[in-house]
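Two complexes come next, and they have one chain in common, subunit A, joined by subunit B in the first and subunit C in the second.
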Partner chain A sequence: MIETVQSFASGTLLLLGCFFMLTGAVGVLRFPDFYSRMHAAGITDTLATLLIISGLMLTAGWSLALFKLALIMLFIFFTSPTASHALARSAQLSALRLPQIAPEPAPTEMTNSQPVDTSPDAEPEAADSTRV
Partner chain B sequence: MRYTLCLFAVLAFIWLSNSGQYTALILAFGLASTVFVILIARRMKVVDGESLPLQLWATLPGYYLWLLRKIIVSNLEVAACVWGGIVSRRTTISPCSERIPVDLSSDLGRVLYANSITLTPGTVAVDIDNNSVLVHALRRSGLDDLKRGEMERRVAALTDDTPVSEL
Partner chain C sequence: MLNATLIALLVVMTLALIRAIKGPTIHDRILAVNMFGTKTVLLIAVICFTFGEPEYLDIAIVYALINFVSVIGVLRYFEFRTRNGNGAPEVTGD
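Moving on to the complex of A and B:
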């Protein structure tokens, strides 16, 4: 009984993890410029990894593999922000400097049903983001 | 000395949990490599409160639990941005960047703060100096959330009242 529940839960977690990996990949393809693509890659680094490793941990049960998976998760959580930061910083130091946009009033809607209107002084590529 | 012992414990734990073979020969190899790594680390002068923030051992897990919740929420938001306009072909993101002031006094606090910002999808810390951090966000709401300063307060509670002690 316990085994069934365990494998079912682990399968669910793995499936969800795969979905978020896919989301990250689609995001990298869809988003318009370098910096926003980095955010999409962030999904693969954090939530997808978390779900997949938790799924694998459930399958592993109490064994040495559990500790190894926990260590992998720990290392990913420390190294992936470092890697993203190195990427962003090197882009910032090279030709891809971030435009320093002055603060503007925030769009209040958080929901996705309404399109967030991009102001004219936002990055021009943002308008192309919907083209696949 | 405290840091050296602690580094030894961490390295020994990593070796033991990864090898899975507890014969005398393998354990001796483990001991040798652990001691070797500690010697190198001491020679590089990286065995100190910055690489092993011992004073955080009790409070850091709580902070990471809070951060984990934050990470999951913002992941879902970014995922919604990714899938949002895929049928209707609408723009769902409004990338923006801004310098956000930071008044954390310790290096450790600033690093932890920038690390947390980058770990949360939707915001990336691009550049950091003594009193501000340049953040790029996928949406304006991510920046506003940071400017409200809850994360900074939590990091400050972790690090500022316990200054990093010297070796």
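Moving on to the complex of A and C:
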């Protein structure tokens, strides 16, 4: 009984991991921009790794392999976002800079009744938020 | 289900290789190689359980560390090359 439930849960986790992995790979292959490609790769890498290694953990049971799988998952959880961050930073510092988006024009009519925050320290952060 | 995971991993690695060959800039290639390395770690782990020999999981641990260090090293190299501005301003992957 418990083996059936365990193998079913393991298969479900592996199947979900395969789905997210294939989604990320198709996104990396088909997206038009470098940053959108990095979005597809950086998110699905961590999630697919979590799902597949969890499925393998359910297959392994209580053994040394479980500890090693947990170690692999810990490594990838630390290194995958770090590598994505370093890649985005390096691309931003090189010729692949993001195009600066023009600020939206101010609306002509103010419909909200809340008082507008006009403190001087609130403005530069909002204006600078698109820069890195 | 382990065999289906193996096939899906191989398909994903093929797609990442296509992006690494096609990629117009060097950063696209580094992104694809990073993804390829992560999927290689998963492939080694799944192969261990397919063959029923979990001792080979050490190779997956070592490969995860090597993959991260190599990606960071290559990124530092190109970052300093583009920041100094000595070479061409447009970095292509060729």
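Following the convention adopted for this analysis, the second predicted complex is superposed on the first by the 99 of 132 C-alpha atoms of A that agree within 3 Å, B and C clash if a C-alpha of one lies under 4 Å from a C-alpha of the other, contacts with A are read in each partner's own complex, and residues count from 1 in each chain.
In the analysis below, contacts are C-beta pairs under 8 Å (C-beta built on N, C-alpha and C of every residue); 3 or more make two chains touch, one makes a residue touch a chain.
Worth saying up front: this structure is predicted, and the values here are computed from it rather than measured.
Engineer: Please indicate which partner A:85 is in contact with in the superposed arrangement: first for subunit B, second for subunit C, both, or neither.
Structural biologist: first
Engineer: Let me test your reading of the model: by the given contact rule, A:43 touches which partner, first (subunit B), second (subunit C), both or neither?
Structural biologist: first
Engineer: I'd like to know which partner A:6 touches here: subunit B for first, subunit C for second, both or neither.
Structural biologist: It touches nothing on subunit B or subunit C.
Engineer: Counting only touches as set out at the top, which of subunit B and subunit C does A:77 meet: first, second, both, neither?
Structural biologist: The answer is first: A:77 touches subunit B but not subunit C.
Engineer: Once the shared chain is lined up, is A:56 touching subunit B (first), subunit C (second), both, or neither of them?
Structural biologist: second
Engineer: With both complexes overlaid on chain A, does A:68 touch subunit B (first), subunit C (second), both or neither?
Structural biologist: Touch status of A:68: both partners.
Engineer: Which partner does A:33 reach: the first (subunit B), the second (subunit C), both, or neither?
Structural biologist: A:33 contacts subunit B only, not subunit C.
Engineer: On the A-aligned overlay, A:20 touches which partner chain: subunit B = first, subunit C = second, or both, or neither?
Structural biologist: A:20 sits against subunit B, while subunit C stays out of touch.
Engineer: So which bits of subunit A does subunit B touch that subunit C touches too?
Structural biologist: Correct list for subunit A: 24, 26, 38, 45, 64, 68, 71, 80, 82, 89, 91.
Engineer: What does subunit A use to touch subunit C in their complex?
Structural biologist: Touching subunit C from subunit A are residues 10-11, 14-15, 17-18, 21-22, 24-26, 28-29, 34, 37-38, 41, 45, 48-49, 52-53, 55-56, 59-60, 63-65, 68-69, 71-72, 75-76, 79-80, 82-83, 86-87, 89-91, 93-96.
Engineer: Would you tell me which residues of subunit B are touching subunit A in their complex?
Structural biologist: Per the stated touch rule, the residues are 14, 17-18, 20, 68, 71-72, 75, 77-86, 89-99, 114-115, 118-127, 134, 136, 138-141, 144.
Engineer: Within the complex, which stretch of subunit A touches subunit B?
Structural biologist: Going by the criterion above, the answer is residues 20, 23-24, 26-27, 30-31, 33, 35-36, 38-40, 42-43, 45-47, 50, 64, 67-68, 71, 77-78, 80-82, 84-85, 88-89, 91-92, 98-101, 103-104, 106-107, 110, 112, 115-119, 122-123, 126-127, 129-132.
Engineer: What residues of subunit C sit close enough to touch subunit A in their complex?
Structural biologist: 1-2, 4-5, 8-9, 11-12, 15-16, 18-19, 25, 27-28, 30-32, 34-35, 38-39, 41-42, 45-46, 48-49, 54, 57-58, 60-61, 64-65, 67-68, 71-72, 75, 78-79, 82-83, 89-91
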